[in-house]
Structures are given as C-alpha cells and as structure tokens.
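Below is a structure I'd like to ask you about.
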C-alpha cells in the first residue's frame, strides 16, 4: 500500500543529507561554460542545481566566460577573431565587445535564469566595488588587453553571500588606471575559489573529465593529485582544451580549496551528481 | 553513457526544491508517536527526516508522548493504569513515573538519535524556563494530575531554533505552584504549533489518515476543512483514537497554522513524503 | 600674513556644512545622462561629486540610460533605430543590443570611474536579485520590449548602501517570465527615488532647467510645484525632450521625494552646486 | 528614630557589594547534592541562592547527581544496587533507571524550583546538543556503563547563560555510538567548571569541609593548595566520601578555575555565605 | 555550630531578591541633596547604595542641585544671594558661578565618589549632547536666568546606561541660542524620571517624609495619591521646603513614573531601605 | 553663463575629497587654547571646523586647558597665582578653583558652542567613568596637586565617538584615592591622542608654528622629525611657551600618532586648512 515511488524519492533525499551536512555554510565555486551554457534544458538544469545548493545552506558562486558569443558579435561587427596560443588577441574594440557580451548579455541572462528559479543572483565583474583587480598579462607576441588576476577582495561577495545572494561573476576586470582586461574564465574561477575560501571548485566542461586515452571514454581518471597534474602539465600530456581547466584546478587546490572537479556539463544536473553522491562524476583534483 | 541512476537521483532532489523554498525559514511541528516511535528502522527514518528538514533551512520542532512506556513502568512498579474517557487517571506517583519516562527516557532517546544523525537536538518539557505553563484539566470524575496548556512563551525555543538547535518537547508541564501535569501530547503539539507560528503540524499515526469507511483503506479523505472536522467531531463520526489527533489539528489550524496533517507513521520517511511532494500523504486539515 | 586663498577655501567648506547636516544619512538619486556622460572632464566631475556625497555621509544612487550609444551599436550591426512618440521600437535583437550597451558598457564604465575616484560602486540592472520587476508598456502601435516599472524591492540596494557601496543602475529590467525590457531611464530614476525613500532626485540634462521662453536662457523657472507641472504637462506646454524629465520628477515627488531637480549637466560639479548651495541651480519640483 | 533593623539590613547588602563586583559576569558552578537536595527548607534556600546569584549578574550553573534516588527506584523495580570501589555497577537496565531518575525526576524538579523562585532554569544532560560527550570508564572488574567525560562543547550552555537562563545539568551523557553513561556528578561538576571557564566551583556536601581530624569538627582546614590535595590523595589521607569531592576540585582548579570550595550544604544559604563573605565557609582549594 | 551571623546576613540578602527581580533592568532616578550631600559618612553610604543598585541590574540615574555651595561661592566673590519666592535671582555672573559649582565641583565630586566605590559614573548637564533643553521661566518680578525644562532627549543617557555607566546630572541646561539656565534640581529630577521612563523617583531630603503635623515626627504619612497631593498643594497645606519636592514627585508620577518617594536622607542607606524593603521608608506618591 | 562663484566653491569642495578619504573613520585630537579660545569669531570658526570634521566621517576629540581664567577667578577670590618652572603651584583650594573653571565653565561653554553648530558634544574630565587616571607629578620644590597621566581607558570615549558624539576633555583627573589633579592640557592632548589611536594631533597656538628665528615670522620650520625635536629640546633651543607644545607632539608621535601639528590658532579655520590642504599650515612633527 505504500507508494513505492514516493518512498524511493524520500530515500534519495536522505542519501543527500551527509553531503548537505558536509558542505553546510561553505562556498562552492562553479565554472559555468560549454554545452551547459548553450543547450536550453541543460541551462535550466544548472540553474535549479545552483538554487538547490543555496537552499540547502551552501553558498554557490558562479564564474562564466563566453568566447563563442564574443567571436560571434565580433563577426557581426566585421571584426575577425584571432588567437595566439589559444588566447584571444584583444584590442580596445575587442575588449569593449567582450565586456558587453560577458557582462551585459551572458552574465545577466544567467542572473535572470537563476532568479526565475527562485534564487537571488547578482551579476558582477571585477570592476564592481573593484573587488577583483587585473593586470596586463605579459606575452610574446603582445596580445593586447588580456589580463590576469592581481588580487581579489572578498568583502562585497561575502556580504552578498551571507545575505543569501548568489554572485555571478563575468571574467572581466579593470586595473587602477581605468584599463579593462579580458581574463580566462577558468583562471578567474580558480582564483575566486581560492580567494573566497571555497571548499570546492566545479568546472563544467564538454568532456567526461580527464581521460587516460583521449579516444577511449572508458579511460576516465577519477582522481589526480595536484602534483600529478603539475607533473603531467610540464610533460605536455594534455590536449589544449584541457590545459586551462587543469590550471584552474591547480590554482584552486594550491590556494587552499579542498577539491576541484572537472565534470561533464553535458549531463543534466551534473553539479548535483558531483556534490551529493559518494562516487561523484568526472575527475577530481586534490592537494 | 550517463549514469541513469545518478540522473534520477538528481531529478528527485530537484523536485524537492519548490517545497524547500516554500518552507525555508519556517517552523514545522512534528507530533511523534505510534509505530514510528517503536520500530527501530522507522525511528531511524524519522530522525534523518528531521535532520534533513533542519539542513534545508526549515525549523523542525518535535513533540512526543509515550503512553505505552508509562503503563509498562507502572506495571513493573506494581501500579495498574486506569483510564477515564481515554485519559490516564494520574495520581502523584503516576505523574512521577510519567515524567521520568517521558522526559528522562523517551525524550532523551529522541535527542540522542537526532544528534547521532547530525542534528543538535535539545530535550525540553514545559518546566524548562517555564516555557509552557499548565493548569489542571477539570473533569468529572476527577482524574488527578492531567493538565491542559495555559500558555506558551516561545522565547527560549525561538532562541534555540534560530541558533540551529532542534527542540524535542515532552508533554509534561508544571503550574506556578509547583504541581506537575501530564498533558495529552497531541494537544501539546497543536498548541506548540500555534504558539510558535508554525506553518505546518504533522502528526505521525498508525493509520493512513482519516478514512471515510474505517474498514476500507481505499477510502482515505485527502483533505478536510476545519469546519468539516468540527462538524463531524460534534456528530461523533470519528473513532476514539482519531479524536485527539483531529483536536490537535483543529487547535493548530484555528491558531493560525496553515496546514495540519495526519499521516501514516508506519511508512518510512513519511515526513519527507508529506513535506516534499505535491500530493502529500494522509489527510490534510486546513482553515 | 594669513594665506587668503586657504582662508577662502576653508570658508567654502564651512558653507557646505548646513547642507551636509541636512542630507546626512539620506539617499540622493542622480539621473545621469546627456553631455555629462559624454565629455571626459564633465564625467570626471560627476564622479568626484558622487564620491564626495558618499564621504560626507549621503547615500548616492546613480541611474543611467544611454540611447545614443544603443543607436550607434545598432547602426554598426546594420539595424536602423526607429522611434514612436520618442520611444525606441524594441525588437528582441534591439533589446539584446540595448542591454549589452547599458549594462555591459555604460554601467560598468561609470562603476569603474567612480571606483577610480575612491568610491565603491556596484553596477546593477533590474534583473540583479530581481530588485526591479518590469512589465510590458502598452502602446498603440506596439513598440515591442519597452517596459515600465512594476515594483521595486529595495532590500539589496539598501544592503549595499548601508555598507558604503554606491549602486549604479542601468534602466533594464526583466519580468518573471524571463522577458527583458528597456525602460526610460528618467522614469526608472523617479521610481527608484520614490522606492528608496530618497530625499532628492537630481536629473542631469543638457539644458539649464525649465525655461519660460525656450529661446531665452534668462527665463529659467527656479521652482515649480507638482500641480503646476501636472497642469502644464496636460496643456502640452513643454517641448518633447523635457517631458520625460518632468514626468520623472513628478513620479518622485508624488512618491514622497521632497525635491526633484532638473539641472544643467554641462556645468562641471553641477551636482555639488545643487546640493551644497542655498540658491541651487536649475529648476526644482516640489510637492 | 532610625529603624535599626532596616539599617542593619542595608549594611549587610552593602557588605555583599565587593563580592558582587568581583564575580560580576563570571560563571559559578554549583555541585548540588547531599542534605541540601533532600531537606525541603534547605532546597528552598539553595534555589533562592541560585536565583540571587543570577540577578546580581553572576552566571550560575548547577550540576547534580542522585545516587540514593536511583537506588530506591532500582529497589522498587526489584533490582539490587551493587558497588565496586564506590562506583555503581551499571548494566543497561540500571542505566535506564539512572537516566530516568536524574534527568526526568531530580533535574526537572530542580528546574521547577528555581523557576518558582523567579529564575529561568533549563534542565540538560550531556545528550542535549551533544554538549558533553562521554566514554566508557575502564575499570577492573568491568562495572558496565559508568562513563567519564571525553569533551565538553560550551556553545549551548553559553548561549543559554548569556540570555539569562540557568543550566541545570544531570550527570548523564552519551557517546557518539548511542550508548549512555552514568558519570560521577562530582567529576562532571569539575569538568563543567573547567570547560565553561568558571571562576568558582562550589560543592555542597554533608560535612563542614575537609577536617584535619575527622572526629573533631573544630579541625576544619580552611584552605588547601592543589598540590597539597594531590599529595594527600596519593597518601590515602582522606576517607572515601571525600575523595571524589577533592578530585572534582582538583579537576576544576587544574583546569583553570580560580577556586573550588567544599562547603556544608546542611547550613541554609551556604552558597551565599561562601560567595558573599570574606571568610567564606568550608574548605577552599586553590591553584 | 552554624555561624548565626553569617546565616542572618544570607537571610537578608535573600529578602532583597524580590525587589531586585522587580526592578531588574529598570531605571531609578535619585534626587540627591540635603544632609546626604554634606555629611561624609552619609555621602559614602549613598554612593555604595547607587553602585549596589547598578550591580543588581538596576539603572540608577542621579540628579543633584547645590544651592548652599552656590551661595557660599557667591559670598566669597562678594555677591549677595537674593531669592524671590524661594528662587534664586540669577544674573549672568550668578549663573556662571552656579554652573561652575554644580557642574565643576559638586557633580564631579559625586562622579569621583561613585567611581571610587566601583561604579562608572559620568557627570553631565543639560548642555551635553544638548540632551536637556531649557527655556527661561517666566516670573513676576523677573528673576533672570532661572529656567524650566523644555524637552529631554534620552538617547545619550540611554546609551550610557545600557553600557553600565551611571549618569550624574547637574541641574543646569542651555537653550538653543546659547543661554544658560539654572533649574530647580527637584523639578529636573521629576522631568528626567519621566523622560527616561523610570520606575521610581527617590528624593533624598532632610525630613522623614510628609508629616501630617509638622511638629510631630510620629505623624508621617506613608503614602499619598497624586490627586491628594495636587489638592493639598492647591490648598496651601505644605510648608515651603516641601513644595518643590512634591511638585517633583507629581511631575514624575503624572509623567508615567510608578512611584515617587520623599525619604529621609539623614538615615544611612535610606535608598536601599526604600528599594529593598516592603515597608519602605518616607512618603510614597503614586498615580 | 555658468556661475563662476558656484563653480569655484564646488572645486574647493572637490579638492577636500582626498583628505576626507584619507581621514575617514579616523580620530583627530584637537588641543584647543590660546586666542582661538578667546576671540568670539575665532571660537565660532573652531566650532564649525570641528562639526565639519565629524560630518565628513572623522572623529574629532577636543582637549582644552584654561590657565588665564583659572588665575582670574583665583584673583577674584583673593588668591595669588604662583608658578614654579611654568607650572601652577596648586593647593587644594586652587585645585577646586581650577576644576570649577575648566570643567564647569570652559568645558561646558565649548560643548554648548559645538552643539549650537549642529554637533553633539559631551564634556568630560578624567573623573568621568574614571577614563583617565592621574598621579601626582613629582617635583622639587613640591607644587601640590599638579598631576601627570597614569593611564587612559578609551572605552567610554570610543563608545561616544562611534555613536557620533564629540568628547570635549578638560585637563583634570583624579587618582584612585579620591585626589584631584590639574594636568598640563598639552600633555593630556598628547596622551589622549596616543591612547585613542588618533591619526593626527593638532595644537592650536598663538604663534605660526616653530620658527627658526623667533623674531622672523618668515622663518617657519614646516616639518620636524621626533628625533630632531628631542635633540633640540635637550639642547634648550626652544623658548618656554613652545616646550609643552613640543612635548605634547612628541608624546603623541612616540605613542603611535602619525602626525602632530603646531598651528596658528589666530587664523580662522586653521584646523580645516591643516586637515584639508596639501601644504597644511604650521609645523608638523612626524615619527
């Protein structure tokens, strides 16, 4: 007579309890990107995941980039996107386009979606309250207004988080002279996770995680130590797309974050799967 | 390649989100009793349910009685339990036994179980900080130290709840002259729900809810208005065991509680099923 | 032997004191626009004015639009801007452009400038924490995604203001279904001033104020009552550009703001002149 | 013409002032037991003393045991109490009886008495909020569920005390596996005094204090250093009943409590005499 | 064997408990003057009484005058004191003398004495934070800078009191134009008691209280209603010195103070006798 | 068409901004004395300067002496003022006169003036809350009740300052035995600045600052290090009046105050000139 379905559902909520307890009152930074930022139903799933985290007492912080949409608007404006070592060559006009797209389009869209699902998100970039200060990244050849994080002051985001707001951070920041820089969003996510004392960094990607054999989806490496990653990065083991993800995780873990995860954002509710199950998904990087 | 099981689990968590949002920061009073207080695995399930409520931002408050265990200790001490109109005739010695059993055995056992599951429960009776003051219930014939609630001061329980502690209340209280009274736990639960401004009272029973035809388990009445209940109580429709449950719900609902529920405590995680699903289970009483 | 210059300077600081005392702890909303948003030295002057207000204990809130820059990006993207009754016909693509320009370009530029002058500005639009909810403005013919303010929840801006941050609000907001609307920034400023309980609304324009004879700069009307403005608006006295400014002031004043001012943003430090002198500048609208 | 009686009374209040100032805002732990817990007028006197302490700005905390009443209920239930080295052999049934008596009878009776005298007492045992965690005491032969204190978390009792509530602690606690232990109340009092940073521990006994010659009531030793006590304990100087009292005092003093006192609970208001006079009564143990 | 003396002392402390409970957290205003301000041992007694009040959770506030010392300094400076209807004719020089004596001599002496006894007193007059604003009292003939209380803002004294400081108020205040006025200290005490929401005003005098027959010390009237006092004042029953005391009490009682007392300051610890005994001393005026 | 005057005024406000930012939330101690305490229009200017400081977020604290007025009252009372090494020989009667003049006349006059200009000043001496404890200054020959600062407890002044009140401190303090001492106000100012963690000490004098050649007003030394001052003091370079000023500055700077200034109080608004301009005026002493 017992409704088996209801029973099962209750059981699953109960299985989540130890994870809720473990992360209660802690900060989890989510690097949002890839398919999960394109596919409407995946987007929906990410937003509910984030709102759920906040309602079970966790402080989620979202960091996002948006290279494809930047390139698209550049194209529409008759500008060709050029890259050096995977980094966008960024002149003043490109920077303006990037900022408009990241802050004024993608960021606010995420904010609105979270709020439609019952959250209270606030869209921010490094310029707001000057909470993240950038400096020009030195590179040869010069690639323009590409920046790196100089320092982060967590006062404003902490204020918002402790009052139940969810910061959504676009990977744009200024320096003290009034310049604006585009920063790799993976790197920003790692830095933010470290500066905010996050317990976890979760990077949503379009792969299953780190694979031993890139052609074999069965070869997922479930966990790596920071030293292993550093070693393998220095030996050039990883393909190009994976490198900034791994660097982001290293920054986080070396900066005090307990665990960083590269997970498959193509799976709906991948965030919940990572946070609320023992096995987790994807590849975990630890100290 | 997606793990279907994990996916399903995530989906179920997500389905709970609207309910979490609805009850966030609100108080839910649970009248604990019946099989759920006897069967070890049901007990375990109730405790995890309560801890889960607290971790998703709800303030659970537990009220319990324990008639059977009182009678048992009475028997071991060579005292026979006698009842008038379903109420225990309570002389001074019986009262002492009842208080020892309720406060010193059942209450603290619940506290310990909740705390083993990660909660921070505190066992209380009306005497603590004199937060619930009783008076003698008038009855013909006189049945001794059976009381009714005179007033409740929520200051201490509010202090505990806002600091994340879970009050576990035994249905014993004193008056200002130093007398002690045994009070029907159902009635205490209704009064506490009202005095604490709870949004919900959930009474765990050993039946499915209110049945139209007591012999037909398919005849469950899913919802009743307070007026319907009052009308039917006055017409003597209900069997004896159901009457205090319904009176408890009436006290709560007439005292401002939005919804009171009589649910089947024999089903594991019945509390979660009630709180986190649309259909709910059992019978709901509303204004 | 006394340094006459220093003496004079001190005297001027002292003359500002009564105004500082009058507005201490109060909110002043500044509608930023026109030449003051284009000319670099005027921009600089506005930013220092705003930072000064905050350091003398006033809570400044900035609201801005940016029609010209929206039109310019539309043009670069091969879209022609069309207007009906002075309002931009706004299809989905136009809305996206408007949002990018207002939120991602103009808003963050203001934020960065304020912060370079020692303030702590945070760029917001209605979507952030859903603090300002819009609805479609009905018009004949339909002009698309042009909105009006449905309601404002001042909780987040109050939180920021009481912690010393300066909200910079772009005139874009969403509704609960996920639509985005462009709203006249003057109207937003009036609504925000009223919802935040501001003591003053200051609209920076490119005229001296309300002139009796539009051709005669000597004919400035220093003050008007709300009823006078309503009467003259209904009689069609004002030229087109002035109408939304006056409506903004009316919304503010009718919504409880003591004084609304239409001032000449072409004058450097016009805000300080308005706030810290007895005569003030421009035209003042009062209840 | 001056009322000599009133004058005397005022003088006595004034003499208490230096002691009130000395202990203002400090915690004093009272080990309650012996005749003072049996004789009705002594009980009354203790309760008023405790309430008075709280009203003059001191934070009193009460710890109690209750061996005689445990033995009595055991006897009524046909169980014989057996002791090894003065410690009660405690099987599961004995433990249940002990908990019922201590928590559900004695503790709540103290609570009610304090509250009748105008205090706001709350009855607690180690299980509440798991504030005191026990472990099995190793002994040869095994004596069952007799525990010792593993650790104390003062968060909940501090919360209660700073809000004017008076914790009344029964000497029962659990471990993390769900076992329950009976702990010597003297030892609990010493541990609690140390963990709560008390300035004083006062143990109510049925003797005058530590006597040089146990047969000579004139031979009271007014003060002993912790080292003297340790030395004399190791030399077996003391009679059996005094040993746990002295150990309790040692635990307190070695744990940072300034002074521990063994006083004669048969004297009404012995607590006030100790706290508010220069001479004090009984024997004082200091660092 | 029990020390009878200690026992008696404890008993007296206990008798004070109900009064401590009654006045806990409440404000008691003491009008200090007469012999109690001259005799060294009486002064000492008053100071300890005040400090004791504060340590048992009461907020004492002291108001004092000092006519005799003003006259004395006037005389030393070759100025003759003249009075009209019992009020000092106060020219500018007299006012300066009065202020120096009251604020700079008597007030600070009281402050120092209280602090020597363990209190934390702060000496104030109406000018401090402009908390009490005076206006010229109209009289025929004109008597100069004699004032009456126009209004009292309790913000600063409340701030001090809730942080444990004891305000000592000299009966001098200014108006908004910079004039200084001498105000009858009895009247100030009544006004302060009312403005601060005191529960009691105690006026120390050099008589036993209100006597039915001024020549018969046995004829003390223990209590009077405000109406009785008003009636008798209008009928000219009282001798001159008593009139301002009774007016002070009327102001207090009519302004919401529960009880006002005229007591004999020549008795040491008269304040404690009034506050901590049932009978009290002197004459009590009630609503 | 722009009003040049208004424009200039705004510009001057803006020039003050960096200084406001620099000193925001910091304490500045002002040693008030000399012509600025005598000339009515200079007094007025000082008061507005102090109120302005407070309204731009700075915490001003005023310390004053008043030797001339003490001597004057002494003379009127037929007492001759005598000095040894520039210090007033202070018998009990002289001390009483000094206290009345400083606390009851000068201090409260300053308080009233500040409050008339919109501040909330509170007049204090060391006796209030015993915040500044003095001891007898040893000297040969004995000069009586001349004191030096033993210690300062900033709790009360901090409480007042953080609530927007302005402490005005007279240079009188007591010891714990009830003695009263007159202390050099310059020295008090230095000690107070150090104890309160001030960022600046500003001493108003009747000279331009430290002059190289006392006869040549053009020879002002704009800045000196603490070591230079110590060296020159030991070499007896300075004239008598300057010595306590320099000692005061040394106490402050050696006690952690960043900058101490000796400025010309004969110039109206000299405080503002010092605080809000780059050049400053007078002589600055730094670490």
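Here the chain labels run A, B, C, D, E and F in written order, and each chain numbers its own residues starting at 1.
FYI, a contact is a pair of C-beta atoms (placed from the backbone, for glycine too) under 8 Å apart; a residue touches a chain by one contact, two chains touch by 3 or more.
Remember, it's a predicted structure, so these values are computed and weren't measured experimentally.
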Remotest chain, chain D as reference, centres from CA atoms: C
Centre-to-centre distance between chain C and chain A (centres being mean Cα positions), rounded to whole Å: 35
Whole-Å gap separating chain C and chain F, where each centre is the average of the chain's CA atoms: 44
Whole-Å gap separating chain A and chain F, where each centre is the average of the chain's CA atoms: 56
Centre-to-centre distance between chain D and chain C (centres being mean Cα positions), rounded to whole Å: 68
Residues of chain D engaged with two or more neighbouring chains: none
Round-the-ring chain order [start: chain A; next: chain B]: A, B, D, E, F, C
Residue numbers on chain B that touch chain D, as the complex places them: 76-77, 96, 99-105, 107-108, 111-113, 115-116, 120-125, 127-130, 156, 159-160, 163, 165, 172, 174, 176-178, 180
Chain F to chain C touching residues, read off their complex: 1-3, 6-18, 20-21, 24, 45, 48-49, 51-52, 55-57, 117-118, 208, 217, 267-269, 272-273, 276-277, 279, 281
